[in-house]
Amino acid sequence: MEARLNDPAARSRLVGTLAALVILWPLLQAAEVKPGALFDAGNLKVIGHFLAGFLPPENSREFLGFLGQATLETLAIATTGLALAFLLAVPLAYLATAAGRERPALNPLTRSLLTLLRGIPELVWALLFVRVFGLGPAAGVLALGLTYGGMLAKVYAEILESVDTRPAQALRQSGARRPLAILYGLLPQAARELTSYTVYRWECAIRASVVMGFVGAGGLGQLMDQAMKMLNGGEAASILLAFMVLVFAADGLSSWLRRALDAPPAAHPSPFGWRSGLVAAALAGSIVASYRFLELGIGDLLSIEAARSMAEFVSGFFPPDLSADWLDRVGQGVWETLAISIVGTLLAALLGLLLALPQPRAPFSFVLNTLRSVPELVWATLTALAVGLGPFAGALALALHTAGVLGRLYAEALANAPAQPSQALRLSGAGPGLAFLYGTLPGAAPQLIAYTLYRWEMNIRMAAILGFVGAGGLGQLLYVALSLFHYAQASTVIIAMLALSIAVDQASAWLRQRMR
Amino acid sequence: MSFRLDGVGLTHANGFTALADISLCADQGERIALVGPSGAGKTSLLSVLGTALMPTSGRGEVLGQPLQNALPRLLRTRIGTVHQAPPIPGRQRVVTAVLAGKLGQWPTWKSLASLLYPCDLPGARAALERVDLADKLFARCDQLSGGQLQRVGIARVLYQQPTLILADEPVSALDPALALATIRLLVAEAEACGATLVASLHAVDLALGNFTRIVGIKAGRVVFDLPNEQVSLPLLHELYASEGQELPTQATESHLLPEIAAHAAATRAACC
Amino acid sequence: MTLSATRRLALKGALACACAAAFSLPALAADNVLRVSAIPDEAPTELQRKFAPLGKYLEAQTGLKVVFTPVSDYAAVVESLATRKIDLAWLGGFTYVQAKIRTTGTAIPIVQREEDAKFTSRFITADPAIKGLADLKGKTFAFGAPSSTSGSLMPRFFLQQAGLNPEKDFKNVAFSGAHDATVAFVAAGKAEAGVLNASVWDKLVEQKKVDTDKVRVFATTPPYFDYNWTVRGDLDPALVKKLTDAFLKLDPANPEHKEIMALQRASKFIPTRKENYDGIEKAAQSAGLLK
């Protein structure tokens, strides 16, 4: 027999853990993490006072009527924005994806366009469009359309690439053209995921359109901004409630749609029954209604005048301010933003996993939905009260919202993970916790990690704009630079945001590759 | 006495009767094959023996414990199950998958620590040596072939050291040569450690060639319960009447069945 | 509730204006509409409430339909003036300087309140340990909007003269976005100190919207020129004259005018001119806020 057995993986695990700690420590420093501030008596009193103001929620009839109007507007911005995003995303995804190609070739041009669209946060697009096209929902719709178009296209492309490619290959080899090969070979496998992602994005769009209200694009956000700024608890509570109802309804709609997709096909030749017809009609109806409700007049936005003012506006951004002084400040902002996003995402993963595990699900799903339905910018107002202004408030806000998102995704992934491994362990006498750790988690981990990394990619964008409410980082630099018409400086910040989000995308893709 | 079932019935919540009036008992160390057509209730019977399902009628006793609600968890650590598809996450390392066999016996801290550093490397290695996979100790399970993975599942059960081994169609996903080898391994290992072995098998030739006692099950009832030598072809044909003329076997030609049985008995004698 | 009612009005106004802005081509005021906006130095709903009677008065004086667009971003007002999407705007002193630069000197300040000629900002805190500007080192501090004159620019200028660099000497700098929000920040402890426009502070104290036992003024800036009403440079000179006269004609002795002036917190409107804001421009340059 040979000498003592050693685990060959132990060394790399140890090194990995140490490396993670070495990287994490300065990040925690930069994010100014000080959990003690959470329990500071003074802070608790302030936030308690504010939260006590939530009761009773403002419920005068006029306010409610106004709230209804704003809710409709938010819904309309989200719906129109997503419709625009979808129109952009389908051709872009088709161009970008390697799916259905006989030789996998990535289209670098489309991919970089997508990166550009996604890399700049929607709030920044909105800020820019507000300047160019004037105030009102048009800026919000366009901003949503562009950013979400980029995101949808990227994810569509990836979903199509991730399903079994053999059916499409077989079709192509028997002479089908690429669009048909995708339609017949890939779409049936991917439809469910594509739909649920789109519906999920619509939910996100609702949240985002609220956030864009913070820069003047109308809807619930504008109300929320005021109520939060003035610390008017009663109104804030009503608005938040309205908002949660929206998100919960969107959630319900989304799961109904997913169930409908799972229903076995009816026994008639057309794959589309009355239900599909109804959904299609409702969809078309709501998009048209939203469009008309907003009175966008997109045509005028495409006029020569608009193009000229756009060109004039954009030209102000060049050349970017690359003075050492400003680069130094932007560099600090980048580091702080990175720290906020990483610390926030890690905290969220931890909290999300804790909330995703317990059974029965109902109360925990409610908690998760609540966390998720409050946008980061609103959480930031609360966390700033709890721990004072600064990056830690931003990281916490990010963590609270993201925990809701991740917890839900984790719970789904765990529910979908194969049950046999953990059942088998239960049968051999293991407790539920250990059966989960040894049986379920290894199977679900890649999915959980992928979700977390995807979410990090989104959070870096959000972290970049949390500065708008005083959480530091790049957002504050951009807000100030734009307010002061220092477009050359703003341009540097936007480029930094873009570079940062591209770097994070790359890092995340690399990590996902490694975790496989 | 390993287990005894006395008039056991199992009716699912949807009203489907999976088992009816099953009476069966086994001595410690017996090797029993359950045969019968698909849907006969073989898996349900194994689930009852493995305490995954409680009988809805009748009485039973497994390893000295009467079958009733709130069974001690310790009972389950003495029952090892080989599943049809090895219930092992693909991303797990072989060593972890094998060590997981003792989760029910280890204190929690040890199970947790073992996730960071495998805490019984020699034990895992010994179990894998018995299924001829010692070189895969640190491989990841998704790098193994189907047959290798099934053997890892067996190694886990061996590492668990149960006194009752249940096997639910353990080789139905394997090719004939591998299936035969795997069944032989299972039988030999059960014999070596004196454990009772109950295996459900779809292929009658494997059952006849390797097990001393054959129990035929059909529509949730025991049709026959005989020593290997007394199982006749007409009896088998009647058991499988619903599946047509041919008996399900691993070998391609079923008319060789009696020969196979004789041959397998000989090879078993040779390899032991 | 009147506040809510005005809010609904605000939204309707925003909608109406948004679609009007989207549907109409740049040659504005041609369709007999005077488009007015104001920097959001207070809550937009509050601005809306303040503007309503003045809007009616201007309608009567000019014979044009007056539409007020509330905004929540300072820079948007300047941009809209530059892209000729609004005709008349209530600007802060610094915002005017920005507008002047954005419109290559064409925007014309026409009138201002008498008190705007000697405006001040108040530094406030709820922390008993802060007694003067020097005590602000290492504290969290809230400005109003970054481009606010009295909530950001001038206080920054005077802080610099007192030897304090906000980015380096304060623990954290926040921009509350509006003067009344700054008070809320300081009262809630979100920031340890803050600065706002003296006129808004006085109003909040008068209306008892601030607990003066808790939040107090610990410093006031020297006076400077602030707010004015500015028109875009290519507006019909006859209309500009009409507007100027309308403001100058406002007389507190007239009860109807009195309400308008009370809401505007003006004792009297006086003419103003570009040169009045050269001081602010210099201050902004030295504070590094203008490039």
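Order of writing sets the labels: A, B and C. Residues in every chain begin at 1.
Here, contacts are C-beta pairs under 8 Å (C-beta built on N, C-alpha and C of every residue); 3 or more make two chains touch, one makes a residue touch a chain.
Keep in mind it's a predicted model, so treat the numbers as computed, not measured.
A.B. asks: Would you identify the chain whose C-alpha centroid lies closest to the centroid of all protein C-alpha atoms displayed?
C.D. replies: A
A.B. asks: By mean C-alpha coordinates, which chain is most distant from chain B?
C.D. replies: Computed centres place C farthest from chain B.
A.B. asks: Provide the C-alpha centroid distance between chain A and chain B, rounded to the nearest whole angstrom.
C.D. replies: 48
A.B. asks: How many angstrom between the C-alpha centroids of chain C and chain A?
C.D. replies: Centres of chain A and chain C (C-alpha means) sit 35 Å apart.
A.B. asks: Using mean CA coordinates as chain centres, what's the chain B-chain C distance in Å?
C.D. replies: Spacing between the chain centres: roughly 82 Å.
A.B. asks: Can you list every residue of chain C that touches 2 or more other chains, as numbers and ranges?
C.D. replies: none
A.B. asks: Over in the complex, which chain A residues touch chain B? Could you list them?
C.D. replies: Within the complex, chain A contacts chain B at residues 5-10, 13, 418, 420-421, 423-431, 433-435, 437-443, 445-446.
A.B. asks: Residue numbers of chain A touching chain C in their complex, please.
C.D. replies: Spelled out, the residues of chain A in touch with chain C are 42-43, 46, 49-50, 60, 62-63, 65-66, 69-70, 73, 127, 130-138, 214-216, 218, 222-223, 225-226, 229-231, 295-297, 300-301, 303, 305, 309, 384-385, 388-390, 470, 472, 476, 479-480, 482-486, 488-489.
A.B. asks: Can you list the residues on chain B that touch chain A in the complex?
C.D. replies: 50-52, 73-81, 83, 85, 87-93, 95-96, 100-101, 103-105, 108, 111-112, 115-118, 121-122, 125, 137-138, 157, 160, 162
A.B. asks: For chain C, which residues count as touching chain A in their complex?
C.D. replies: 1, 4-5, 7-8, 11, 14-15, 17-19, 21-23, 25-26, 43-45, 69, 71-76, 78-80, 83, 85, 98, 101-102, 140, 145-147, 172, 174-178, 180-181, 184, 188-191, 289-291
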